[in-house]
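Just below is one structure, and these are the notes that go with it.
The first chain written gets the first letter, and so on, giving A, B, C and D; residue counts start at 1 in each chain.
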């Protein structure tokens, strides 16, 4: 059903938008609508809309949804509460997938961490994260997401800043006689485009509703 | 019942055998039979037999089982299909626990690997294992256990032999844009001896049957 | 002199070739000749030839050298002994820079490996290399360069192929009681393109001869 | 000359003393004098004295030196200034090797770090150390030694506390496009015994003087 998916892309000329185009093209999906600073290009009504743009474009996104009446996958960061409320309203009539992080591997790291945590209650826990020297915040938002898995414990996070590392995260569990660790390394921006692809395939087969990327990954 | 356990130890002079002796002695268990390169020492009929030897000694193990008719916990690595079949035959009359790795952490590594495998069907998989230079078999029995999780795939195993490393195993999942890995490091051989202790206590209270260390860990 | 360098590029459509084009263009260098699967595009005689192709193209490279009579920087991996001999013959008449890895970090890895080798004569040695799933040769040329440091020993190389990893190499030294390791991770292919740029600038100012990237880095 | 070395061992029953005995015996060296809580055992005059005891035994060590007049290798930790001064006085007449850390690998880590630092002046630097949960001080003394190599820079040290890890240290150098790292992992106490062995072989062939373990490793 999704093998000949036709998609529309908002923010088609940005860095993530370009990566999305590459990945969707490889999969055989067809770009039939796009919108960016140069305006819109319309060929055909899409099956799904992908938004990789900025909050300032949000009203345009809403108008495109009204025009095409198709599922939405939105990767725009920095949405305010009002925008999220709008999306939830729309999701009563259409499937909407919204996330600030479409990395498949990070979702799995979180899932495995939850499972290990349950089985290893008395073990020591440490988290490390390594990013490029230009990263301003410390620790990373993802490291904080990992820490939240251990909600009742004060887990130490070590932050390293090195060259132009895209992003590495490790969770360690230390017992007497053994150490278990789970590591995720981002090697390129493509990982996010792959997560958006999965979300698009998910959205076109879903009931109306508001979904996270976690839902895409783990619901049947 | 198991507090004054009398045990027999095959491979009593090896590295793992020595560690087993330490841990069992601390627990108050009594070594009443042993067999190694110097021959056998018999004091009394054991309640359970522990085998920490090599595949070349397997026929001896079988004869000791015949002689004492007691449960067996076997940690020998590199057993061939015929040997496993023999053990399963024996387990119709006696409880037999068989595993290539008696650590808790490895059980969790296996569990997490199964979960990751399900979520990441198209990703590349690699397994590495590092052990001390004295280890005879290559790849390790544990690496083969990890490989079995991917039963339908030909997964590559890389084996490193370095100094006196107790045992490290890593499974890598590689997608376009990210790598996820799960690593287990044994920091001392004692881990395995404690798992064997748990298995011995389990075996003497069990019905006849063929058990894995997973059964010891997770069945009530 | 090298500020308006005109270059020819063999293997111009490959992954490394594309990166070379980006970096050389940023520097203001002009692509005047290229050769790849689609055939050749000739604009002008180049000042230097860059080869980022495969061993199967080697005879073409030789013919281009004969045709243009300009310095060569060759990054092709998996060259056989006969090919290296050819290059050395050519270097009597032209500057030739040949290396399997054009990164600064790898040069340092090699230097540190030499030092550690001298101090740790009886230790076990293992080499691992991880690259993207599209890499044809196994083990990598760089891993072979590291192995050459231990000229008198049969050192094991483990090769992993995962996703789109740019290139990781580790040398391990294992003693009884400790393991020392040195790891280099390329975080983007750009590293290599910048090393090739340095080498091109070096080659056009050099006497005839056969040079390594080590010469480019460390000779004045 | 050192192949039939006869040695005396002060603190022969302690944990390090026991490891020293194992390693020296494997090498074919002969224990001819020992001193511990049970008193002394004298067989023959030793060629070298090893001290693995405690500061409270220091006066005994001094008296044994006077009695045998042979080189000393001292691994006792917590010596005060007065004791160090005594050792330096003695070293005018005999070779004395003194260190608080006889790990060969850590010496090499420090050496390689110095070299890498010189070649990579603009790169980012990070240090990590991992130890067992019982370790009181943070960061480890060894991590501080590594930091001292970068005397003019404020290098970040990340400390992890996990299970019963013997001790891991890593130095990272991050450039744009690559990361170089050097890691040392202690896998057992044996590493220190091996360093003491090297020091004993060094001491018996040396002129009078006060030597560090660094001298043992790197002077010709």
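Assume a residue touches a chain if its C-beta (ideal position, glycine included) is under 8 Å from a C-beta of that chain, and two chains touch if they have at least 3 such contacts.
Quick caveat: nothing in here was measured; it's all calculated off a predicted structure.
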item	value
Chains in simultaneous contact with subunit A and subunit B	C, D
Chain-contact steps, minimal, separating subunit D from subunit B	1
Pair joined by the larger number of C-beta contacts - C-D, B-C	C-D
Distance-maximising chain from subunit A - centres being C-alpha averages	D
Averaged-CA centre spacing for the pair subunit C and subunit A, given as whole angstrom	36
Intercentroid distance (Cα basis), subunit D paired with subunit A, Å	50
CA centroid of subunit C to CA centroid of subunit D, Å	40
Centre distance in Å when subunit B and subunit C are each reduced to the mean of their C-alpha atoms	45
In subunit D, residues with contacts to at least two other chains	163-165, 173, 175, 177-179, 187-188, 190
Residue ranges of subunit A touching subunit C (in the complex, touch as defined)	163-166, 187-188, 190
Subunit B partner contacts - residues on subunit C that touch it in the complex	123-124, 126, 128, 130, 133, 156, 158-165, 172-179
Interfacial residue positions of subunit B with respect to subunit A in the complex	103-105, 108-109, 111-112, 115-116, 119-120, 173, 175-188, 190-191, 194
